[in-house]
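After this come two complexes, each holding subunit A, first together with subunit B and then together with subunit C.
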Partner chain A sequence: MKQFVFKRTLSGIPTLFGMTLIGFLIIGLTPGDPIEMELRRLGVSFTAEQVEALRVEYGLDKPLIQRYFIWLLDLFRLDLGTSIASGRPVLELFKEHLPITATLSVLAFVSSLALSLVLGTITAVSQRTSVSTSLYVLTMFLVSVPSFWLALFLLAVFALGLGWFKLLQFGNAQDLILPVITLTLGNAAVMSRLVRERIIAVMSEDYIRLAITKGLSRRAILGRHVLKSILPPLITNWAISFGSLLGGSVIIENIFNLPGLGQLALQAIAERDFAILQAYLLFMGLVFFLANFAADLTNHWLMPQLKEDDHGVR
Partner chain B sequence: MNKFKQLLGVSGVLAASLPALISGVPAAQAEDIQQLRIAVKKDRYSVDPKKFNFTTRRPAGQIVETAVKPDENFIPQGVLFETWDYKDGVYSIKLREGIKFHDGQTFDAKAAIDALKLYDQGRSDFLQIDQESFDQTGPYTFTFKSEINSSLVIENMTHRGASLFSINGERAENPIGTGSYLLDSYKPKQSISMKRNADYWGDAPKVENITYHFIADDQVRLLALQNKEVDIVAEVTPQMLLSLPKDGSVVVHESRPIRYVALLTNLHGKAPYDTLKDKRVREALAYAINREQLAQVLFNGKGVVAKGILPDWMFGLGDKHVDGFDYNTQKAEALLDEAGWTKGSDGMRSKDGKPLKLRLVAAYPNVSSVRPMPELLEQMFRGIGIDIELVQVDDSGVYDDTYLATGEADLYMEFASNNNADPTYLLYNLFHSKTPWGYQYTAPGGKLDTILDNARQAQSREKVIELVREAHREIVQTKLAAIPILMVPNFNLSRPGLNIPMFEHADWIDYGQVTQTK
Partner chain C sequence: MVEIPLLQVHNLTISNSAQNNEPLVEGVSFDLATNQRLGLIGRSGCGKSLTCHAITGALRAPLAASSGSIRFQGKDLLAMPFAEKQQIRGTGIFCIFQSPGSALHPSLTIETQLLETAGNVSLHGQAAHHALLQALEAVSLPKLCLKQYPNALSGGMKQRVMMAMALILKPTILIADEPTTGLDVITEHETLQALNVVQQETGSALLFVSHDLRIVRQTCTSVLVMDAGQLVDACDLNQPIAPDCHRATAEITGAMERLQL
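Now for the complex of A and B:
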C-alpha cells in the first residue's frame, strides 16, 4: 500500500507541472490585454506610456515563459499573485470564495450519489416496467437539459411562482437548496445511467444467474455480489463527478448569485485576470488529481487483488 | 382686481385638486424611502489604497464626492469646488466652505491637496496633476498645474474615480468622504449597504438606506425585480427590455439618448479587408441603413436616428455641424455602380471577378447588447448587393486582439458612449492614430490627428468645443470612419411608483434622491 501511495504521488508531480505549464500558456496566449480592457471599461483617458507602466507593474511586459517561472517560484512561497481587477491577493480571494463552492459541491455530490444509486438500481432491476421507463425518460431529459436552463426554470417555479425561495442570497443554509438541487439533478442523471448499465451487465454474468437459480433473494444478490462488482468503476466515476461538480458550479453560482470560486473564475475570464485564472486552473487540477488518487486508494483497499493498471477500467 | 385674484386662487386650488377629485383619492405625493435596493451587474467596489482610483465606482460614489460633477450638458459644475479658473497654465481653485469629512475633519485647502495627492500614489493617475505645483493660497484656496499642460483637468475630475477621500483612516474598511451616505456593510460579490449621513452639507438624501446587490446574470436581475427582492435594476440590456412583463409590474426609466450604435470602418486594411478604402462604398453603406426601422424595432422603440456618435445636447455641441445620412438605396446603388461594383444576375455585386463581400464584427461591449441589429443590417446591405460575413464575438479581448488590432474585418459594430466630461475623450481614444485602445485601422489619421491634438492642447473650453465639432464632422461625415446608426438612452427598471432622477451617465444617477409616489 505504501509503495502504491508513493508511486501515485510521484507520478502526479509531473502531471501537475505539465498542467500548470499548459494552463499558463493557454491563458497567456488568449487574446485580450487585461490592462487595456480595464482602462477602456473605466472610461478614463490614458496615454500609451501609462498603459505600459501598468503592464510593467503587473509583470505583463515579460516573456510568457519567464512569467511562468516567476509564478512557479512564487507558488512555492504560497504566493498566488495579485488580482488585476480587485488589487487583492489571490490567496485571500480563494479563502473567501472556496467555502461556498466546496459546500455546494459536497452537498450536491452526496445527494447525487444517493439519488443515482436509487435511480440506477430501480431502472436496472425493473426493466420494461412503466416505473423504469418513466425514470429512464426522466434521466434522459435531465442529462439533455442544460444546467442554466434548469436553474432558471427552478427559480421561475419555486422563487417567482411559489415564493418558497429568495433569489438573493444572504448566507443562510436554505440559500443552497435550489443550487444543490440543480447540480444534483443533472449529475445524478448522468451517474445513474452508469449504475444502471453496470448492474445490467453484472446481472447477466453466469455467477449471478447461478445465484438466482439457487434461489438467492434479489436483495442479497444486489448487496453481496452486484455491489461488489460494480463499485470500482463507480468509484472512479464518482471521483471524476466530484471534480466536474466543482468545475460545473461556475454557471450555477452565476445564476444563483453565489459568491463562490466559479463566479470568481467567470469574472476573471471576462477581465483576463490572469493570476486568478492560473490559480483556479491549478486548484481544479489538484482537485481532479486528489479525487482520482482517493478513488485509486479506495479501489486498492477494496480489491487489493486488482492490478494497479486495472483501477478504474474494470 | 381683488375678485380676479380670488378667482385665480380658487382656480389654482381646483386645478391642484383636480386629479384627486377625478379619481376620488388624494393627489399623488412623493415620499421618502426607508430602504432602497438596487441590482447592479458586477462588484467593482474597491478602495484598495494602491488602486482606489482604479475601481471606485457607483456605490462608493454615494460616500465620497468629486470636486465637480457633470451638469445636464456634461459641462463641469461645482460640488466640493465652488469656483475654478484656468489661466496661463495654472488652475486656481476656491473650495466650498462649511464642508466636513465624515470624521469631522474640515474640508479645507490642505485636505483637498492631500486628497488630490493620493492620485499620484495610485496606479492610474489619469488626472496628471503636477504634484510639485500645489500651492495653498488661503484656507480655502489653492493652485496647481497640469503635468501635460492640459486645460481639461477639471473635466476629468467629473469621473467618479476622481472622488476625494480623507487621508485619515483605512480607505477599504472605512472610507471617509464628504458624501451623503456612510458605509454600513460590505459583503464582497454580494452586496454593499450604506446609511444616510445625518450631517451631510448638501441637500439631504430622501432615502434612509441604500443597498446595492451584485447580480451577474441579466435575467436573474430582472427576476429579482419581479420577485420584489430589489426595487431598481440599474444595468439594463436590450434583451431585458424585450422580455419585460406586460402587466405593468416593471417600469422603464430612461435618460436622454447618449449611447451610440455605429459601424466603425476599416480605412487601412490589407486585402481582402481593403474594400472600404473607397469612400463611395462607405457612403453606400451609410445610405443603405434604414435607421427609422431599426429605431422602431430595437431598444423598446426608445432609440433615435443618429447623425453622429456624440449627442447634440452634449457640451452644447448642437447638430448643425453634421448632416447625417438618410435612407436612400437608390443613391447607395448609384455610388456602388460608380465605384465599379456591378450587380450580377443573383443581385450581388462584384468587380473584376471579386465579389463585394464585407466582414462585419459585432462584439462591443457584447453580442447580446445589440442583437438582432447585426442580422437586420446584413439584410439591408444584401438589399444593395453587398454580401456580409457576420462575425459575432462575445468576448472583448478576442474582439480587440483578433479583429481590431489586426484589421481583419471591414466593419466593427459598437454600442458605446462618451461617458466623460472631457469633450476630446471618445474621439481621441477611438479615432486618433495614436489611439491607446487599438483602433489604428479605423483611425483616419492626417488632418483629424491635428484637429484632435489641437483640441487637447487648446487653452479655452470654447476652442476645445469648436475643434471637437470639427473632428466629429471629419469622423462621421467627411471620412466616414464611423457610420452612425442610432442613439440610445440609458435605462433603469423599477417597481411601479418610484421616481428616479435619471442621468445619461450611469455613475451619476443620484439614488439618494429617489422618491416613491404615495
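Now for the complex of A and C:
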C-alpha cells in the first residue's frame, strides 16, 4: 500500500506541472487585453502610456513563457497573484468564495451518492415492476434535463409558488437547500443508471449464482457480493462526478445567486481577470487529480487480489 | 405410508421467452431418493445443465421453467418466493457448477467465502473455523489457501474449495454439474475422489451431470440419458447396458467401446 501511494504520488508530479502549464497558457492566450478591458469597464479615459505603465505594474509586458515561470515560482510561495478588477490578492478571494462552493459540492456529492445507490439498486433488482419502471423513467428525465432548467423549475415551484424558500438571496444555510437538490438530482440520475447497469451485469456472474446457491440472504448477496463487485468502477466514476459537480456549480451558483467560486470565475471571465481564472483552472485540475487519486487508493484497497506482491500457493 | 422421494421433477419444461417460448427442455420427469447417486448424461447442448439450473433456481432470463414442477421434500420450488427458497438452497440443495474459474468471488478471500457458508448452517466463531479446517483437510487443500484470493488458486483447487463448501453445508441433495470440465486427467481424478469423500461424509443424495459415462461410472449407481431436451433412457450401471437401449444411450456407450475406454 505504501509503495502504491508513493508511486502514484511520484507519477502525479508531471501531471500537475502539465496542468499548471496548460491552464496558464490557455488563459494567457485568450484574446482581449485585461488592462484595457478593466479601464473601459471603469469608464475612465486613458492614454497608451498609461496602459503600458499598468501592464508593467501587473507584469503583463513580459513574454508569456516568462510570465508562466514567474507565476509558477509565486505559486510555490502560495501567492496566486492579484486580481486586476478588484486589486485584491486572489488567495484572499478564494478563501472568501470557496466555503460556499465546497459545502454545495460536498453535500450534493454525498446525497447523490446515497440516492444513486438506492435508486440504482431498486431499478436493477425489481425490474419490470411499476415502481422500478417509473423510477427508471424519472432518472431518464433527470439525465436529459439541463441543470439550469431544473434549477429554474425548482425555484418556480418551491420559492415562487409555495414560498418555502427565499428567492435569489443568500443569507444562511437554508438557502443552500434548493441548489443542493438541483445538483443532487442531476448527478444522482446519471450515477443511478450506472449503478443499475453494473448490478444487472454482475448479477449474471457465476459467483453471484454461487452466492444464491449457497442459500445466502438477499441482504448478504447484495450487500457483500454484489456491492463489492460494482464498487470499483463506480468509485472511479464518482471521483470524476465530484469534479463535474464543482464545475456544474458555476451555473447553479449564478442562478441561485450564491457568492461561490463559480460566480467568482464567471465574473472573472467577463472581466478578463487572468489571475483569478488561472487560479480557478489550477484549482479545478487539482480537485480532479485528488479525486482520482482517492479513487485509485480506494480501489486498490477494495481489490486486494490485484496486489503486486501476490504469492499464490499454486 | 408411502415415502415421498427427496426430489421429484415432474414434466419440467424450460423455454426461452425471447424466442417464441421454444422449449429447450421438454417433459423431463425423474425422482431422486435419499442416498441415491444418480447420473444425468447426454451430449453437449441436450439440456442437462439447464435441468440442473432449474433445480437450483439458477436459470437466467429469458430462460425460465415454463411448466411442470420441481418438488423438494414435497414442496414445489418453482412456486416458492425468493426468501423461502434461500432456506432450502445451500443446506437442502447445493450445486457445484462447471467453470470453477469464475464460480468464486474474485474480491473475497477463500476464508470469507467459506465462513459465510458456515454462517448459513449456524456455525460461527471457533466452531466455524474448526469446520473450515476439517473441510479443507477432507478435500486435501492446504490451510494456506484460506488467506488467498481465488486468483491465486488453480482450477482444480477452486473446484475443491467448492467441495469444501459442500462439506460445510452438508446438503440433502448435492448436484454436480460437470465439475471436471476444463481440468486435466489427474486433477479430474482428484476432484472425483474429493466428490466421493464429500458424498460419503455428508450422506447427500447426488445428482451428477456429465457427458462422459466413464466419469459417471466412478460416482453413480444409475444414470438417466438425455437427448435433444428430453429424457430418453434410464440405466442401472451395475447391469450391462441393454441391447435395446435408446439410440443416444447406444451412441454414448458405443463411442466408449470404440475408444476402448
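As a working rule, the second predicted complex is superposed on the first by the 295 of 314 C-alpha atoms of A that agree within 3 Å, B and C clash if a C-alpha of one lies under 4 Å from a C-alpha of the other, contacts with A are read in each partner's own complex, and residues count from 1 in each chain.
The criterion applied here is as follows: contacts are C-beta pairs under 8 Å (C-beta built on N, C-alpha and C of every residue); 3 or more make two chains touch, one makes a residue touch a chain.
Everything quoted here is computed from the prediction, not taken from an experiment.
S.K.: Please work out whether A:Lys228 is in contact with subunit B alone, subunit C alone, both, or neither, and reply first, second, both or neither.
M.R.: Once the two structures are laid over each other on A, A:Lys228 reaches subunit C alone.
S.K.: Where does A:Gly59 make contact in the superposed view: on subunit B (first), on subunit C (second), on both, or on neither?
M.R.: Neither partner.
S.K.: Touching A:Ala211, do we find subunit B (first), subunit C (second), both, or neither?
M.R.: Touch partner of A:Ala211: subunit C, not subunit B.
S.K.: Is A:Gly12 touching the first partner subunit B, the second partner subunit C, both, or neither of them?
M.R.: The answer is neither, since A:Gly12 touches no partner chain.
S.K.: Residues of subunit A touched by subunit B versus by subunit C: which partner has the larger set?
M.R.: Residues of subunit A touched, subunit B against subunit C: more for B.
S.K.: Give one of first, second, both or neither to describe whether A:Asn254 is in contact with subunit B, with subunit C, with both, or with none.
M.R.: After superposition on chain A, A:Asn254 lies in contact with subunit B alone.
S.K.: For A:Pro89, is the partner it touches subunit B (first), subunit C (second), both, or none of the two (neither)?
M.R.: So A:Pro89 meets neither subunit B nor subunit C here.
S.K.: With both complexes overlaid on chain A, does A:Gly28 touch subunit B (first), subunit C (second), both or neither?
M.R.: Touch partners of A:Gly28: none, neither subunit B nor subunit C.
S.K.: So which bits of subunit A does subunit B touch that subunit C touches too?
M.R.: In subunit A, no position sits in both the subunit B and subunit C interfaces.
S.K.: Would you mind writing out the residues of subunit B in touch with subunit A in their complex?
M.R.: By the definition above, subunit B touches subunit A via 42, 44, 46, 48, 50-51, 54-55, 123-126, 156, 159, 161, 187-191, 213-217, 219-220, 223-224, 226-227, 229-230, 395-398, 400-402, 419-420, 422, 425, 428-429, 434, 436-438.
S.K.: Which of the residues in subunit A end up touching subunit B in this complex?
M.R.: 30-34, 36-40, 42-48, 50-51, 54, 57, 85-88, 96-97, 152, 155-156, 159-160, 163, 166-169, 171, 254-257, 259, 263-264, 266-267, 270, 272
S.K.: Looking at the complex, which residues from subunit A come into contact with subunit C?
M.R.: The contact residues of subunit A facing subunit C are 204-207, 209-218, 220, 224-225, 228-229, 302-305, 310-314.
S.K.: Subunit A touches which residues of subunit C in the complex?
M.R.: 56-58, 60, 82-83, 86-95, 97, 99, 102-108, 116-117, 120, 142, 144-145, 148-154, 157, 162, 165, 169
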